[in-house]
Amino acid sequence: MQAARQTTEEALAIEGLTRRFGALVAVDDVTLRVSAGERRAVLGANGAGKTTLFNMIAGDLPPSAGHIRLFGEDITELSPQKRVLAGVRRTYQKSLVFGGMTVRDNLYVAIRGATGPRLTIWKRAENQPDRAQTDALAERVGLTDRLDTMANELSHGEQRQLELGMALAHPPKLLLLDEPAAGLSTRERESLVAMLADLPRDLTLILIEHDLDIALKAVDYVSVMHNGHLLAEGTPAEISANQDIQDIYMGRHGK
Amino acid sequence: MRWILPLAVIALLLVYPFVVNSFWLVQIGGRTLGFGTIVLSLVFLTAYTGMLSLAQMSVAGVAGYATAYFTAPTSGVGLLLPWPLALILALGLATVAGLLIGLVAVRTRGIYTLMITLAVAMAFYFLTLQNYDLFNGYTGFNNVQPPVILGLDLGANLPFYYMSVVLAAACYFGVRHVVRTPFGLALQGLRDEPDRLRALGYNVPLLRVLAFGLAGFIAGIGGILNIWLNASISPGSVALNPVIDVLMAGVLGGIGHPIGAYIGAFVFTVVDNFAIDFIARERFNTLIGLIFLAIVLFSPDGLTGLVHRAWTRGTGWARRNDGDARETDDIGK
Amino acid sequence: MIETLADINWRLFAIVTLNGLTLASLYFIVASGFSLIFGLMRVVNMAHGSLYLLGAYVGFEVSEATGSWILGILAAGVVVAAAGAALQVSILSWMQGQDLRQALATIGVSIVAADLMLAQWGGSAYQIALPEAVSTFVPVPVAGRYAMARLMLIGFALVIGVALWLILNRTRIGMLIRAGVDDRRMLEAMGVNVPLVFVGVFAIGAGLAGMAGVIGGSVLSVSPGEDARYLLSSLIVVIVGGMGSIPGAAIGALLVAMAETYGLAYTPTYGIVYTFAIMVAVLAVRPQGLLGRAA
Amino acid sequence: MANDPLLKVEDLHVYYGSSHVLHGLSLEAGTEPLSLVGRNGMGKSTLCQAIMGLVPAARGEVRLGGERLNGRRAYRVARAGVGYVPQGRRVYRSLSVEEHLKLVGKPGGEWTIERIYDTFPRLAERRKNGGGALSGGEQQMLAISRALLLNPRLLVMDEPTEGLAPVIVDHVVEVLREIGRSGVGLLLVEQNLSVATQVSDRIMVMMNGEIALETDAESLLNDRALRNRYLGVAAEA
Amino acid sequence: QDGETITIGGLATLEGPFAAPGEDGLRGVELAIHEFGGEIAGHPIEFITASSDGNPDVALESARRLVEQDGADIMVGPLSGSEGIRIAQYAKEQPGTTFLNGGSAAIETTLVDPAENFFRFNTEGAQWTAPLGEYVVNERGWDNIVIVSEDYSFPYAQIFGFMATYCEAGGTVADKYFTPVGNNDYSSVIAQLPLEAGEIDGMYVVLGGSDAVNFLSQYAQMGGQLPIVGGTNVTDQTVLTTQGPARELLPGILSSGPVSDNDDLEAWEEFKQLYRDYYGDEGLPSPSLFASNYYTNTKAALLALQEVEGDLSDNHAAFNEALANLEFTSPTGTVSLNENRQATAAIYINEVVEQEGGSLALEPLERIESVDQYLGLDRETYMELGLPSRENPSCPS
C-alpha cells in the first residue's frame, strides 16, 4: 500500500522527527510521508504532539532530531520565512491576526507576503495592482461584509475565519491547518468543508481537527498520533473501524 | 470639507512669520518644526511598529554632532567638508545609528524597547561627555551655522523658518505615505502580531531594523534643524532631560498619529518657555509635570485624541471605554 | 620595589572588588523593588528614583530627630510604601495594563516630585549618620581593612533578596502576582481582588526603594539628581538580569556595579560607558535578560 | 428572595464604542442547565463577559439569586458564586498546572484538586508544566478545572469543548450533566450542537444580540428547517 | 519717573541640583536693583527672569526668550560654564542688548573670540585658584601632590590656575585622577590614594556639590588622612550646608575663590548686611559666591547706566563704553576690566571654620589683590599655555 502511493511525487517527507521539552518527548521519532496533492488528517488526543509537529514543519520550533524534506529538498535548517517562500503555509491553533488593522489590510499583507515584493515603499497599497485580490479572498472565508472592520473587533469565530484567509492568501504548496473548525459555528463549518473541497487539487493539505465530521470527510488518509508516537495510519474508514483508536481518541463519536 | 483644515494649516504656516516676533518665529516656530521632526520619528516608530524608542534624541544628536564635526571644527576636533557632503554624511550616520539601535533592540518589544533604548541613549550621552576626539567632551561644538546658498543665508530667521517648514512637511507627508505602502502595512503587522507576519513570509527582524533606520533618517533631519537652531551641541543636548522631552512632547500631542508630533512639540515648547510666567519662578517644573500628568490621565491619545473626540462627537472628552483604548482599559469600575 | 608594587596591586584589586560587591548590593536593593514592580505588574515605574530620594530624606529627618538610624530606615520604608500605594491607587490603577501610559504617568510624577523635594530639602547634600557600631573597620585579608558600614550593605542585600525570592516563589501571594501579570482580568474573574494585590506589591516595591534611599544616604549621600541616577541604574540592572527575576536582579547588579568600579579604578575615562556596553552585549544575546523569561 | 431565579438577565444592552452588540437581551435560568448557541459574532461571548462584569453594560440588569451583579468588579461577581470559563482559555502562562489549581482551590468544597486530577488525568501528568507550555486541549481542560474549583453556584462556560479531543468531550459532557444534577446552575455557550443538546434540554439561540429562539434539545435536533433558519442561513448584513 | 523702562533679564539655573545657587544668584540681581531704588536716572528698572538647567541649549532658549520675546535691554547670567560660552556667542547676534555674566566662570567666555557686548565683572575659574598653588608650596611646604577631579572643563580650569603657580613655585604633581561626571562611588579611586602624608604631601580635590561630600566622607570612611585643599566648589554653599556627619570633615579644608564669608572688608560687611536685611530667613545665612557674582555684575550695569543716565541709544554705545571703563568697589573690593572685558579682582585663600551656632563658613587666610585674566603672566606667555584639558598643564616630577 505504501509502495503504491509512493509513485506520485512526495510533498513532505519526515524522518525520525523528535522534539523534547526537558524530559518530555512531545514528538517521538515520527516518520511520515505525504504525497503531492494529498489530503491528510493528523488526529490524536490532546497533547499527542500534533501542534508541535506542525511547529517543526513550519519552522516555528527547531526539532531535537530528525529531518524534514519538502519536495525532496531538506528544509530542516531553513528559516520559517524561507519555508513560507518555498510554499509552506499554516494557521495557528490560537488565532494570530493583526488587531490594529482592517480585515482588508490583514488579507493584503498576507497576499503580499505570499507573492510579491514585500517591502515596496513607493506606491500606496490602494494603488497596487494586487490590492483587488483581497475581495476574492474575503469571499472565500466569508468575511466579505467585514472587510473594513478592525480585526480586534471581530468575534472569536470571525478571527478564526480571518486566520484561515491569511493562510490561503496565495495557493500554497503545503497547507497546514491547525484545528480550523474550532470556534466556528455550524454554518461556518459547512462553508469550511466546502472551501476545503474547492482547494486546488495540486495543493497538499495536512489537517489537525478534532471535529471528526470534518476531519474524516475532507481527507484521503489519516495519521493518528499518541503520546508523541505515530500510532496508526490508514484511510478514514480503516481508522474509524479501529477499536483502539476509538477508545483512546474518538470515544462515543467513533461508534 | 476635508480640505479646509489642511489648507488652513498651510496658510497659517506661511503667514506665521509676519505676525509674530523673532522669538516666536525662531524659538517657538523653528523649534517646533525641528524638535517636532525628532518627535515624529518617535511617533512613527511607536504608532506603526509598536516599538517605543527613547534613543531618537541620540540619533538626532548623531546627526547634529556630525554636522558640527564636518562644518564647524572646534579646538582641533573636526574636519571641514563642503556642506552638501557634510549633510549627506550627517544624515547617513543618523540612519546608520538608527539601524544599529534597531539591531540592538531588534528582539525586544513595547516597554522593553523603551528601557533598552533609554539605556542606549544614556550610553551615548556618557560617550559624548567623556570623549574628546570626536565629540569634544563636555564642551561640545559651538558656532555651527547653516550654509549660505546663492547668497541666501539659511541661518537668517525667515529662510531658516521656511526651510524648517519644508523639511518638516516633507517628513510628515513622507511618514503618512509610507505607512500606507505595503512596507508600512507590514510594519503595522509587526506591531500587532510579529509571529503571524513571519509565518506569512516576512523577515521580521529586518523589518524592525529598517523601521529604526527610517526613523533614524527622520530624526537626523530633525537633529540638523535643531543644531542649526542652537548653533551648538554638547552632551547636554543628548542628556536624560532632552531624551525624555521627546517622549513628553510625543505624548502631549498624541502618539497615535503623526500630526501629534508637531502639536506636541508646539505645546511642549510653549509650556516649557512660559510655565515660569504662570507660577512662582521656583516651582514652574511642578506645573509642567502636572500638565503632562493631566494629559496622560485624561487623554490617553494626547491632545490630538482630545481634539479628535471633541470634533467627531461634539461631546465630552471624559467619555472613556471607546476606541482603541478599550482593550487594555480598566472597564467597569 | 617590584615586590611592594605587586603588593599594592593586589590590595587594590581586593579593595576594588569589595567596593564592587558593596555597590552591587546597593544597586540590588534599589533595583529589586523596581524589578518587583516591573516584573510582576508590568509597570515601568519611572518614579522609582523619586521614591528612593524621598526615602532618603524621610530617613534623614527621622533619624536626625530621634537619633536612631533604625527608626529612620523603618520610617522611610513605611512612608515611602504609603506613597507608593497612593501612587498606585490614585494614578496607576486607572490605567492598569497600559504599560506605556503608566510609564509616562510616572515620568510626570517624578518631575513633580523632584521639584517638590527640591523645594522642601534644597540642593545641598544630606548624609545620614550611621550607628556608632558600624562606623568601624574590620580586618580583611589582602585588602587590609575595610569599612564595616559597607560590608553591612552586603548583608542587607542578602536578607532582602532571599526574603523576596521566598515570597515570590513559595507563597500564594507570589502565585497571585504572577497570574495577575499574565491575565489580570481572568484573575479577577477567579474572585481575586486584584487591585488590592497590586497596591500591596507596589507598596512593597516602593518601600524597598525608600529603605534603599536610607542605606544609600548613609553609605554615600543624597542630593537632587540622585533620583535619575538610581532610576537608570535600576533600569540597567533589571534589563541585564531579566525583568521580574530576583536572582536576575542580583546578577545584573553585580555585573553593572563591577563594571562600574573596575572601570573607574582601571580605565576611568570610559568606565561609565562600560556598564552600558555590557547591557547592549547581554541584550544582543539574550533580549529577555540573563535570567528573564522569554517575552 | 427564595423565589428569585438563579440567574436573571433583563434588558441588557452592551456597546463596544459605538457598535451596539447586545440589544436588550433578557433571559432567566434556574438550576437546570441552559445552552446558548448561535452563529459567530452574534454576541454570545459578550453576554458572558457582561455577566462576569468584564464588559460594562450600558443598560439593563444581571442578577444572581436576586442580587444585582452589574456594576460590580469581576472579583466580586466571582465571589458571589459565578465560575467562568472564558473563550480562548486564557490560562496564566507563568503558573504551572499545579499552581493554577492551588490558586483557586479551597479545601472542603465539592471539587478538590484530587478530583480534578481524577477527572483529567492528563493534567496530573503535566502538573509541572507552565500554562504556556500546554497543548491547546490541555489548556482548555485547565480552564475548565479552574472554574470548577471555585465551587460556584453558577457556571458560565464559553465554548468549553473547543479544541478538546472527542473522548474528552464525551467526558466533559458527563461532568457537565452531573453538575447539572447537583444543583449548580450552568450557562453553556456551545458551537457543538451535540454537546449542547446532551447537556441541557433547554436551548436558546442567539442572533444579532438578542435571544431569537427558545426551544428544547429534541426539536432542535429533529427540526432541520429550524436549525437552518437559526444556525445555518446567513443573517442579513 | 519719566524715562522709558529699562528691562533687566536674569538668567540662572532654577531647576535640578544647582537650583539653590541659581536662586541665590538672582537674589544678587534683585539686591542690586533694590539698592538703586529700582530706577536709574528716571528710568524704572524692570526685572524679569528665566531658568535653565545647566544645559547650553536651554540657556540659549531662555536667553532668547528674555531678549527677543520680553525685550530685555540688559541680560545678567548665566550660572554655569558652558552656558556662559554659549550666551557670549549669542551676544554677537544681539548687538542691541548688553550682556553681563552671572556666575559662569569658564575661561573661554572672555578669552576666545570675545563678544563686544559681553562683560564679566567676576573673575573666572583659573583666576580663582591661581593663588592657591603658590600658597600650598610656600605656606604648607608641599611639593608633591595628587589631584582628584571631575572630568570636565570647569575643573580643568581650576587645575590649570592652580598648577600655573604651583609648578612655577617648584611643586610637582604625582598623579591626576579624573572621575566621570555622574559617578558617586569614589571608593575605587580612593583605594589608589595614599591614606597618610608621606611621599605625597597632600591632595587637591576639585569636585562640586554632593560629589565633594561623597568623596570626602568616603575618603574618611576608608581612614584617609592626607591633608586636602579644595577647588572653589568644594567649599561652596551647597557643600557647606550639607546635613549629616560629613559636615565634620569640612572644617580645616583650604580652598580659594573670589569671596570669603568672614572677610572684614567694609564693602563685604555692607553687602552681607544688605543681603540679610533684605532677605532675612529666606536667604542663606551668608550670601553665596553666586549672589556676590550676580550682584557685582548687576551693580556694574547699574553704575554704568547711571553714568550715561540711562542712555541706551545707538545699540548701547555709550553704555557699553562706560561699562568697559568702569572701575568700582564690589563686595570683595575693587574690580576693573581688561581689554577682553574680563574682570581683574581680588582672590581669597580660605579655610572652612565652624561658626557659633554650628554653621560652616569661609575664613579668609589671605587676600591676593588684582588677580588678572592672565594669572600675572604677560599675555603672550599665557596664550602659549593653551586651553586647559585633562593633560594640560602637567608638571611631572
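Letters are used for the chains, namely A, B, C, D and E, taken in the order the chains are written, and counting of residues starts over at 1 for each.
Please note the rule applied: a contact is a pair of C-beta atoms (placed from the backbone, for glycine too) under 8 Å apart; a residue touches a chain by one contact, two chains touch by 3 or more.
Protein names from UniProt, one per chain: A = Amino acid/amide ABC transporter ATP-binding protein 1, HAAT family; B = Amino acid/amide ABC transporter membrane protein 2, HAAT family; C = Amino acid/amide ABC transporter membrane protein 1, HAAT family; D = Amino acid/amide ABC transporter ATP-binding protein 2, HAAT family.
Values in this document were obtained by computation on a predicted structure and should not be read as measured data.
Graph distance from chain D to chain E, where chains that touch are one step apart, equals 2.
Common neighbours of chain C and chain E under the contact definition above: B.
The geometric centre of chain B is 36 Å away from that of chain E, both derived from CA atoms. Distance between chain A and chain E, defined via averaged C-alpha coordinates, is recorded as 75 Å.
Put simply, the C-alpha centre of chain A and that of chain D have 29 angstrom between them. Put simply, the C-alpha centre of chain A and that of chain C have 48 angstrom between them.
The residues of chain D that reach two or more other chains are 16, 54, 73-74, listed in rising order.
Across the assembly, chain B contributes 126, 130, 282, 285 as residues in contact with two or more other chains. For chain E, the set of residues touching two or more other chains reads 15, 19, 151, 180, 182.
Put simply, chain C touches chain E in their complex at residues 11-12, 15-16, 19, 22-23, 60, 64, 115, 118, 122-130, 137, 145, 147, 149-150, 217, 220-226, 229, 260-262, 264-265, 268-269, 271-272. Partner chain C is touched in their complex by these residues of chain B: 46, 52, 103-105, 107-112, 114-116, 118-120, 122-123, 126-127, 130, 240, 244, 247-248, 251, 255, 282-283, 285-286, 288-290, 292-293, 296-297, 300, 325, 328-330. For chain B in complex with chain E, the residues that touch the partner chain are 21-24, 26-27, 31, 75, 126, 129-130, 132, 137-140, 142-143, 230-234, 236-237, 239, 241-242, 272-273, 276, 281-282, 284-285. Listing the residues of chain C that touch chain D in their complex gives 172, 175-176, 178-179, 181-183, 185-195, 293. Of all residues in chain C, only 42, 44, 91, 93-101, 103-105, 107-112, 114-116, 119, 228, 232, 235-236, 238-239, 243, 269-270, 272-273, 276-277, 279-280, 283-284, 287, 295 touch chain B in the complex they form.
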